[in-house]
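Shared chain: chain A. Partners: chain B in the first complex, chain C in the second.
On to the complex of A and B.
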C-alpha cells in the first residue's frame, strides 16, 4: 500500500514535469510582464509530491517494511533507528530520490526568491531545471524504482553495509547532494540568462548566493567524507585520491573558480562568457561524477549497483544536457553584453583570473588522473593505476606560486593598481616566513627545497591574511576563507613532515619500544552490541611519561557478515594519536598499527573556516 | 568563423568522449574477444558453503568435463529466474557446475538452495564480492563457461535464458 503511494506520487511528478516543460516553453515565447500564477501552484504540487514520495520511503525504512525491495536489500530490524533512517539514502534508489527532492526543492526556492528578476529569465530557468528533473524522474522510474514490491514478503532484510554505519557518513551524502544538485540551478539559470541577454552584474549578485550555497555544502560534504575515511577505514589518511573522491573534488575546483569569477562579474561587469562556461562545466562535472559512481565503471566503496543500463541512461542524459548547453552557448554568443573594459595587468581582476587558471590546472590534473585510466582501458585494454604520487608531483609544485598570488591578490585594488617601490611589510613577511620555514625543515631532516618554499609561502599567506584583519576595506568572508586555506596548507605540511608510525604483530601481554615510546598490549575482550559483536583491545602507550589508553575495536557484523576495524583516536589540539588493530590468523596475534599525526584536527577546522567564510558572504556580513 | 570551428571541435570532442565511455560500459559485458588470454586466476580460494573449508577454485575444475561457474545470490531475483535452467543442465548433462554465492547471508543462501533445489556440484561463498570481481563479474547473476584448459570461453551476463541454455547444450555435445 505504502509503496503505491510513493510510486504514484512520482508519476504525478512526472506529469507535472512534462506539463511545466511545455508550459514554460510556450510562456517563454510570449513576453508577458507578469508571471503566470499556475507556475507557483504546479511547482508546489511537484515539491509536495516529491516530499511525500521521499517520506514514504523513509517510513518504509523506519518500520522495516520488507515488502519494499529497496528496504529488504538495505535494512534490517536490528539496525538502530538512526541508521534505518540514513539507510534511506545509503543505497542507489533512495539516494536518487533524495537527489530529486533537492532538485525540486531548489527550483521552488529559486522561484520564490527570484521575483525581482526578469520574467522570461525565471521561466526559462524553470524550463531547463524541469528538463533535468524529468531526466532524473525517468531514470528513477525506469531503472531505479525504489518502490518495487517483493512477494512473498521476507521476514528479515539483508542489512546495510556496516562500514556505512557511521554518523559522519550518514549525513555526508545528503550534504554532498545539496552541493552537487545546487549546481543544477546555476546551470539552468546561466543558460536562461544567456538566452535572455541578462548575463550582467545584476544577475551575478543574484546567482552568487546559489554558487555560495553549493560551494558551502560541497565543501562540508567532502570534509565529512574525509573525516569518515580517516576514522573508519583505519588507514590513517584523510585523502586517498580515490576516483570517487576525485569526482567530488573536480566540481569543487570549478565551483571555487566560479565563486571568484562571479565576484569580478558582479563588481566590474566583465568575464561574462567565462562565467557561463564555468557554470556549465561545474554542473557537467557533477553529472559526470554521478555517472562514474553509479554506472559501475569504477570499482570502489561508493559503487552502489552494477547495472549497465543505468550507466547508459545517465551517460546519454549527460550527453544530451552538455550538447544542449554547448548549442545554447554558441548560438547566443551575440547576447553577451558588449562592455569592453580596459584591463590592466596589476589589478584585482588579473589576480582573480590567475586564481581561475590555477583552479583549471588543478582540475585538469585530477580529471586526467581519473579519466585517463578508463580511456586507456577502453582503447588499449591496458590497466594502469594512477595514485597519489601522480597528483602530488603535478599539484604540489604549483601550490607555491598559487599561495604567493593568493597572498597578494586581495591587497590589489580593482581596475588598476601600482606596484609600490618597496612594500616594507611584505618584505618582512617574506623574510620572516622563510626563516621560520628554514628552521622547521632543518629540524625535521627533510632537506628539500620544495618543503622550505611550500612552508615559506604558506606562512607568507598566513601572515598576510592575519595582517588584513586590521584593515577595514577588504571583506570579512574572504579573510576568513583565506585564513582557513592558509591553516589548511600549514596543517597538512606539518602533518606530512612530522607524522610517525609504527606497525607490529603483537599478542596479549606483548610490549614494544619505538621512537622513545612504549606500547603495551594489555588485554582483549569480546563484547556484544545490538547488531554486531566486537573484540575490544586494550593498549597502553607510554610517551615520555605521558600515558594514553587506547581501545580500538574489531567489529563483526552479522547482516551481512562483515569485519571492520575501528581505530581508537585520541585527539588534542596539537596532535592525534591513532591506533588500529586487525586480526591476522587465529593464533592470537594481531597486527597493531600506531600513528602519531600532528595538527590533524586543524585540517578539519580549517576546512570549516573556509566554509564559514562562504556562510558570512551568504548572509552579507561583509557589507556591514 | 573562428567560433564555428571551436563549436564543431567541442561537439565532436564531447561525442567522442561519450562513445569511449559507452564502450567502457559495454566492455566487460562482451564475450571476451581473445579467449586464450583469459586464463583463470589460479590463486582464488573461497569457503565452501556447507563445510566452511577453504578451497581453491582451480582444484574444483575438471579436465574431462565442461566447467560452468555461476555467480548468484539469494537476494537476486533474476537468479531465481535462471535457476530451473541450471537444475536442468546438471540433471541431464555431464557438466561440472560450480556456484559462487555473492555477498549473501549464509542462512538465506542455504534456504534458497533447499527451497528451489541445489543444481551445483560445489558452492563457494564470496561474502564480500571481491573474488567475483577478480573473476571479472560486474553483477549477479553471471555464468562463465570454462574449457578443459581452464580458460573462460564464454561469459553470460545476466540471467540465462532459453537461447543461452541451448547454446551451452550445443557446446557440451560437441
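On to the complex of A and C.
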C-alpha cells in the first residue's frame, strides 16, 4: 500500500515535470510581462509530491516495512531508530530520491525568491531545472525505483552496511547533496541568464546567494566525510585522495573559483563568459561525481552500491546536459558584452583571476589524477594507481605562490592600484614569518627549504589576515574565510611535521616503550550492543607522567556480517591522541596503532571558519 | 622584475624536487609501504592494511631493506612482480606523460591568458 503511494506520487511528479517543460518552453517564447500563476501552483504540486514520496520511504524505513525492497535490502528491525531514518539515503535508490527532493525544493525556493528578476529569465530557469528533474525522475523510476514490492513479505531485512551506521556519515550525504544540487540551480540560472542577456551585476548579486548555499553545504559535507574517515576507517589521516573524496573536491574547487569570480561580476560587471563557463563546469562536475560514485568504475573503499547500467544512464544524461549547455553557450555568444576589457596588473580583478587560475590548476590535478587511470585502462589496458604522492607533488609546490597571492589580493583595490615602494608592514610580516618558520622547521629535524617556505607563506597569509581585521574597509566574511584557510594550512603543516605514530602487535598484558612513552594493553572485554557485538580494548598510555586511557573497539555486526574498528581519540586543542586496534590471525595478538596528531582539531575548526565566512556573506553581514 | 620572479620560481621548484630525491634515500619501511597499494583490499595502502597480503608484503620489504636495496630498487622489483598498479606514484613514461603533464600545461596556458588579459590594449 505504502509503496503505491510513493510510486504514484513520483509518477505525478513526472507528469508535472513534462507539463512544466512544455509550459515554460511555450511561455518563454511569449514575452509576457507577468508570470503565469499556474507556475506557482504546479511547482507546489511537484514539491508536495516529492516530499510525500520521500517521506513515504522514510516511513517505510522507520516501521521496517519489508514489503519494500529498498527497506528489505538496507534495513533491519534491530537497528536504532536514527539509523533506520538515515538508512533512507544510505543506499542508491533512497539517495537519488533525496537528490530529487532537494532539486524540486530548490527550484521552488528559487521561484519564490526571484520575483524581482526578469520574467523570461525565471521561466527559462524553470525549463532547464525541469529538464534535470525529468532526467532524475526517469532514472529513478526506470532503473532505481525505491518503491518496488517484494512478495512474500520477508520477516527480516538484510541490514545496513555497518560502516554507514555512524552519526557523521548519517548526515554527511544530505549535506553533500544540498551542495551538489545547489549547483544545478546555478547551472540552469546561468543558461537562462545567458539566453535573456541578463548576465550582469544584478544577476550576479542574485545568483551569489545560490553559490554561497552550495559552497557552504559542500564544504561542511566534505568536512564531515573527512572527520568520519579520520575516526572510522582507522587510518588516522583526514584525506586519502581516494577517488570518491576527489569527486567531492572537484566541484568544490570550481565553486570556490566561481564564488570569487561572481564577486568581480557583481562589483565590476566584467568576466561574464568566464562566470557562465564556471557555472556550467561546476554542475557538470557535481553530476559526474554522482556518475563516478554510482557507476562503480572507481576502485575505492567508498563504493557501497553500484550497477553499470545505471552508470550508463547517468553518463548519457550528463553528456546530454553538457552538450545542451555548450550549444546554448556558443549560440548565445553575442549576448555577452562584446568588449574584451583589459584588467590592470595590480588590481583586485587580476588578483581574483589569479585565484581562479590556481583553483583551475588544483581542479585539473585532481580531475586528471582521478580520471586518467580509468581512461588509460580502457585505451591501453594498462593499470596504474594514482595516489597521495602524485597529488602532493603536483599541488603542494603551487601552494607557495598561491598563499602569497592570497595574502596580497584582498589588500588591493578594484580597477587599478599602485604597489607602494617598500611597504614596511609587508616586509616585516614576511621576515617575521620566515624567522618563525625557520625555527619551527629547525626544531623538527626536517630541514627542508621547502617546508620553511610553506610555513613562511602560511604565516605570512595568517599575519595579513589578522592585520586586516583592524581595517574597516574590507569585508568580514572574506576575512573570516581567509583566516580559516590560513589556520587550515598551518594546522596541516604542523600536523604533517610533528605527527608521531607507532604500530605494534600486542596481547593482553603486554607493555611497550616508544618515544618516551609507555603503552600498556590492560584488558580486552566482550560486550554486546543492540545490533552488534564488540571487543573493547583497555589501554593505558603513560606519556611522561601524563596518563591517558583508551578504549578502542572492534565491532562485529551480524546483519550483514562485517567487522569495523572504532578508534578511541582523546582530543585537546593542542593535539589528538589516537589509538586503534584490529584483529590479526596470530592467536591472542592484536595490531595496535597509536598516533599523536598535533593540532588535529584545528583542521576541522578552520574548515568550519571558512564555511562561517560564507554564512556571514549569505546573511549580508558585510553591509552595515 | 619578471626575470627575477621566474628565477626564484625555478629555484624553488628545483630545490623542492631535489630535496625529495635526496630524502628518498633514507626513508624507512613505513614510507615505502604507504606508497604501495594493498592488492586485495579496497583502496587501502599496504601500510594501513592488516590483511595477509599486506603482512607478507611488509615482511618482504623489511628483508629487501636489510639486503641493502634502495627504495627505487624495491619499487622496481615489485612493479615487475605485480605490475604498475601496486605503486601509488606512477612513474613518468609514455603512458603517464599526460597524467603529469596535462595539469602543468593547463597552468601555463592559464598564466598566458592572464598575461594577455593584463597587457592587451
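The criterion applied here is as follows: the second predicted complex is superposed on the first by the 615 of 624 C-alpha atoms of A that agree within 3 Å, B and C clash if a C-alpha of one lies under 4 Å from a C-alpha of the other, contacts with A are read in each partner's own complex, and residues count from 1 in each chain.
We take it that a contact is a pair of C-beta atoms (placed from the backbone, for glycine too) under 8 Å apart; a residue touches a chain by one contact, two chains touch by 3 or more.
Computed from a predicted model, the values in this text were never measured in an experiment.
Novice: Using the superposition on chain A, tell me whether chain B and chain C clash or fit.
Specialist: By the criteria stated at the top, chain C and chain B fit after superposition, with no clash.
Novice: Please work out whether A:591 is in contact with chain B alone, chain C alone, both, or neither, and reply first, second, both or neither.
Specialist: second
Novice: Let me test your reading of the model: by the given contact rule, A:424 touches which partner, first (chain B), second (chain C), both or neither?
Specialist: It touches nothing on chain B or chain C.
Novice: Once the structures are superposed on A, label A:547 by its partner contacts, choosing first (chain B), second (chain C), both or neither.
Specialist: Neither partner.
Novice: Draw lines from the C-alpha centre of chain A to the C-alpha centres of chain B and chain C: what angle do they form, to the nearest 10°?
Specialist: Approximately 70 degrees at the chain A centre.
Novice: What is the contact status of A:311 with respect to chain B (first) and chain C (second): first, second, both, or neither?
Specialist: Touch status of A:311: first partner only.
Novice: Return the chain, chain B or chain C, that is in touch with more residues of chain A.
Specialist: C
Novice: Contact-wise, after the overlay, does A:450 reach chain B, chain C, both or neither (first, second, both, neither)?
Specialist: second
Novice: One more residue to check, A:374. First (chain B), second (chain C), both or neither?
Specialist: Only chain B; A:374 stays clear of chain C.
Novice: Which holds for A:573: it touches chain B only (first), chain C only (second), both, or neither?
Specialist: The answer is neither, since A:573 touches no partner chain.
Novice: Rounded to the nearest Å, state the minimum C-alpha distance from chain B to chain C in the superposed three-chain model.
Specialist: So the smallest C-alpha gap separating chain B from chain C comes to 7 Å.
Novice: Residues on chain A in contact with chain B in one complex and with chain C in the other?
Specialist: Correct list for chain A: 299.
Novice: Tell me, which parts of chain C touch chain A in their complex?
Specialist: That would be residues 9, 12-13, 15-16, 19-20, 23, 34-35, 37, 42-45, 48, 50, 52, 55, 83-90, 95-96, 98-100, 102-104, 106-107, 110-111, 114, 117-121 of chain C.
Novice: For chain A, which residues count as touching chain C in their complex?
Specialist: Touching chain C: residues 234-235, 240, 242-243, 299-303, 340, 342-345, 350, 353-354, 357, 360-361, 364-365, 368-369, 372, 376, 380, 382-390, 393-394, 397-398, 400-401, 448-450, 453, 582-585, 591 of chain A.
Novice: If we count contacts the way the header does, which residues on chain A are in touch with chain B in the complex?
Specialist: Contacts found on chain A: 69, 72-73, 150, 158-159, 291, 295-297, 299, 305-308, 311-312, 315, 318-319, 322-323, 326, 330, 333, 374-375, 377-379, 559-562.
Novice: Looking at the complex, which residues from chain B come into contact with chain A?
Specialist: By the definition above, chain B touches chain A via 3, 6-7, 10-11, 14-15, 18, 20-27, 29, 75, 77, 103-106, 108, 127-128, 133, 138-139.
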